[in-house]
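For clarity, chains are labelled A, B, C and D in written order, and residue numbers in each chain start from 1.
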């Protein structure tokens, strides 16, 4: 059984995608700990430790991802969960921008996967399955 | 905290809490002198008063156009608004506030301002009016020719209101429910209602001095398949609460659901019922107007498709006879629009509005039926709120949300049960799949159920949550009603 | 020239005139063997047959989307069509023919082809199918997966029909009136009717061999404020003439006027009356479908505004339940659209159509009233034509245009009197200001006059030609009804 | 009194603008000889000679202006009316293109004024008045 922590970071209140991601990841066989919206970095890290999570699935829709995510990888390392998978999706910058640049920026900040706006949950699920497999973890896929 | 009740605050109560409010951030000091603020407002030309534009447009049957827009830096924001009023021909202007300010996190907003100043472009998703202060607000409101409204999503907007009203804005969006439930996670409803009584009372104080500030409850709530009776009852409650504090110009709003008949009926029912209730509760002098929001849910990423969504919303707004329409841009799905994209949204909206303008209003059986249904539901909800509050609307609201008698779907706030689950019927109208404790009677529940069974049968599948998910994605994938995977068209392909 | 009458040509008559037709240009030789052409058509997969797509869509209540498109060079044209079907998701494809070919000026077309080959981009405003010949047509029709129609505007389209049908196209637009009066200056109507009997008879011959070719009278005529009764009667006459020659699949069309109620009523009246007449004249076996053309008059140059016009047309098409819609691009005012712009028009159209798709049909009093009025007017016109022809529809048509009993506003052709002057009423519906000799009775004239007086009064000016001019520019300047200069909004500014 | 010849060149059948231009130029005080649509170069020149016209006001909407107008100035010269004003308006090329380029192309072909798509008749009228004034001809402006 693989635990993941889900939430929307910062002062961001966009809740719809979060609710759908919870259902989709749960239906895909993950144990989802959904912290909802407006989650601070500290809350994410505490939940990850508490649930022994393999991944933090972070959404940021409102455009403040850069400010809100700054230093997250470093804090994970400090907290002893430096190798946790960090996923980030949503509308990451203010305004339309070149996704390649956005991706580079957040990769440099220590995120493992960065998703462009409006993707379907399956894209995240497939990626997580692949990454877990890469780490020797295989997820039993439930019958859907 | 003083206890909540729907009675007009004595001016002294507001003045007593003012110092603490102004202490929220250092710019609070700039508004200590309320007289000065009022005098400043008094000098604003009529053409720039929001409520006057509405008072003129409404009887003339005009639908005014207003975009959403706000960036971090003053100069940049002024350029943006000027472009919107000149090239975009917006009738009414907005100033959208960033989301740190919305949560009173002025220190974070300050960091955003610095980052933006440094990089030369906006790192904040709005205009941080509190941090920038009264002078900056006045620079903005003086730089344009049309009325400007503060648009935000702030549970505690007291300081924001103080600063922006002193700054010359003539309209202020929000309300204790509509700017809490969809916009926050853990702000007690009682607290946000009290804080919005402060705002309304402040507007009332201005009104007593002859300065009319327009107030607009935020109609669309979570923007995602909100059943019309729910958004309408919230708008009506907030209108009544505002009127009680002395607000004299109120615009009630509604976010497009997508089914034309339901949309037209919803806005008409809202206007009628709200007008009737204001009247019967002694607020007949309030000037009531309406606002229709183009599609508030997820947009298609493709710009041409987005133009289709924008136009379809405009058609519904035009048919519903709204006093104003809030326009979206073709870049909605991607990010805060550039001025240029925002202008394109405005021009498309205007074109459809003007082509429709002279045409006869829409009157159909479907509209009548929806109108009756929505009005009935809304009355039941409102009655429940008053019953729970033992006659007090404010107290009743808190209790109704606690018990689930009132609820908002997809809300992030813990103050809403979130037990109501909406879904579309066969024709795309929003119906309720799960009612939770929503205070409507069994007859109404049966009507909704029957609508859903009709769809289930047509699609050959049971009414389940899968339908809801399909519906949530539908518009962004090119349609209104979410079809089972097997029946989907090829238009909505996965993004790369 | 043989004399005109609405009777089915013996096959021998067509075969006798064929050699002369095929002599029109050197590629005519390629189609000498009609058997080969029919065998080629017989091998075309069902999915690529136009009439089948219509026969499936129509009962299902689907509205299919079709753009206009045609460029000079084969490779370029194939790329264009593939882009339209893949990225644009067009259900039906077009091949628009250049205007030299339309006037049988094949030598000029040849010059255009050479110039285009030389410069690498299209110097012709369409695909010169005659010059390029059968093989090129087959390359085109084989390169795509959806049905393709030949769209043009050719008074004498006999050679074009021979070559494109042999070339694998499965639908052919036009008719003896609709492809003469709006498209030519001095082609006698009698002659074009005869030439189109040839085309229809050719299609009839194919039909006798089990090959169904769809035929589509060109509904919008001059595209400029054509009163619905006029375009409807022309479509009906051409449908009846085509059916007489053995055509079995007919799509009657209508170009958007702009007032929603009139548009919905017009298309419904057209379908109903045409169906009734086909039936009562022994052509009940014909499969009848309808096409709605998005706004055919001058477009706004601004793309965002153009998207508004495109969407508004789609709304009307959706409400009217048309079997297909012909889409425009946001670059309409500027020039032949790029593939990319054409695709954007398609995507916007599709979005609006699909969001509307499941919604209830529109039924209003205004629609009923317009429907009755249009049907009555159309019947009067048709009766007059038959009376003038002493029972013969073809002969009657010639005489009706001669006398002005039938007329088309703004037509370039000397064969139409051009005495009818249309203008919008207060609500934007097209009415008739000057009737000339148009064969409608005084009651109908009084109804139109009353509508116009209503507008005149509202605008505080007399009904004059200035209103007409204002109306012609209106949509391109951002509205439907042309206002007096003093009342105009600021949106429609002069181009630089 | 100033005579002008108006018409749509080539195989172009767009008639609406032509009808409006006729009215507008007439109302502005010109004597307009409108040849309608589908006018050949020969017809334009013959009409100009016959009416002693100061200008040929040529429309081309359908995109074939370049092919249809080629050699017109030369033919005017041959016909002895080499200094007649040549105006051209409409949608001159196939497809959207840079108007500056289009203008250059037709200027090189001997046109005096070239108008972009969708202009109002007044733009043409103002230009013609100015050009006539430049040639010492003043038009009595009628009361409108």
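We adopt the following convention: a contact is a pair of C-beta atoms (placed from the backbone, for glycine too) under 8 Å apart; a residue touches a chain by one contact, two chains touch by 3 or more.
Bear in mind the structure is a predicted one, so any value in this text is a computation, not a measurement.
Leaving out only subunit C, the chains still linked to one another by touching are grouped as follows: A, B | D.
Each step here moves to a touching chain, and the least such steps from subunit A to subunit C number 2. Computed from the mean C-alpha positions, the centre of subunit B lies at a distance of 45 Å from the centre of subunit C.
One simple way to say how far apart two chains are is to compare their mean CA positions; for subunit A and subunit B this gives 30 Å.
Centre-to-centre separation between subunit B and subunit D, using Cα means, comes to 54 Å. Across the whole structure, chains are in contact as follows: A-B, B-C, C-D. Note for the complex: subunit D touches subunit C at residues 8, 10-16, 18-20, 23, 36-38, 62-64, 66-67, 91, 93-97, 116-120, 123. On the side of subunit B, the complex with subunit A involves touching residues 99-100, 102-103, 105, 108, 111-112, 115, 121-125, 153, 182-186, 222, 224, 297-298, 301, 331, 333-338, 341, 410-412, 465, 469, 472-473, 476, 494-496. Residues 89, 258-261, 300, 302-305, 307-312, 314-315, 330, 343-352, 354-360, 362-366, 426-428, 475, 478-481, 489-491 of subunit C are the ones that touch subunit B when the two sit in their complex.
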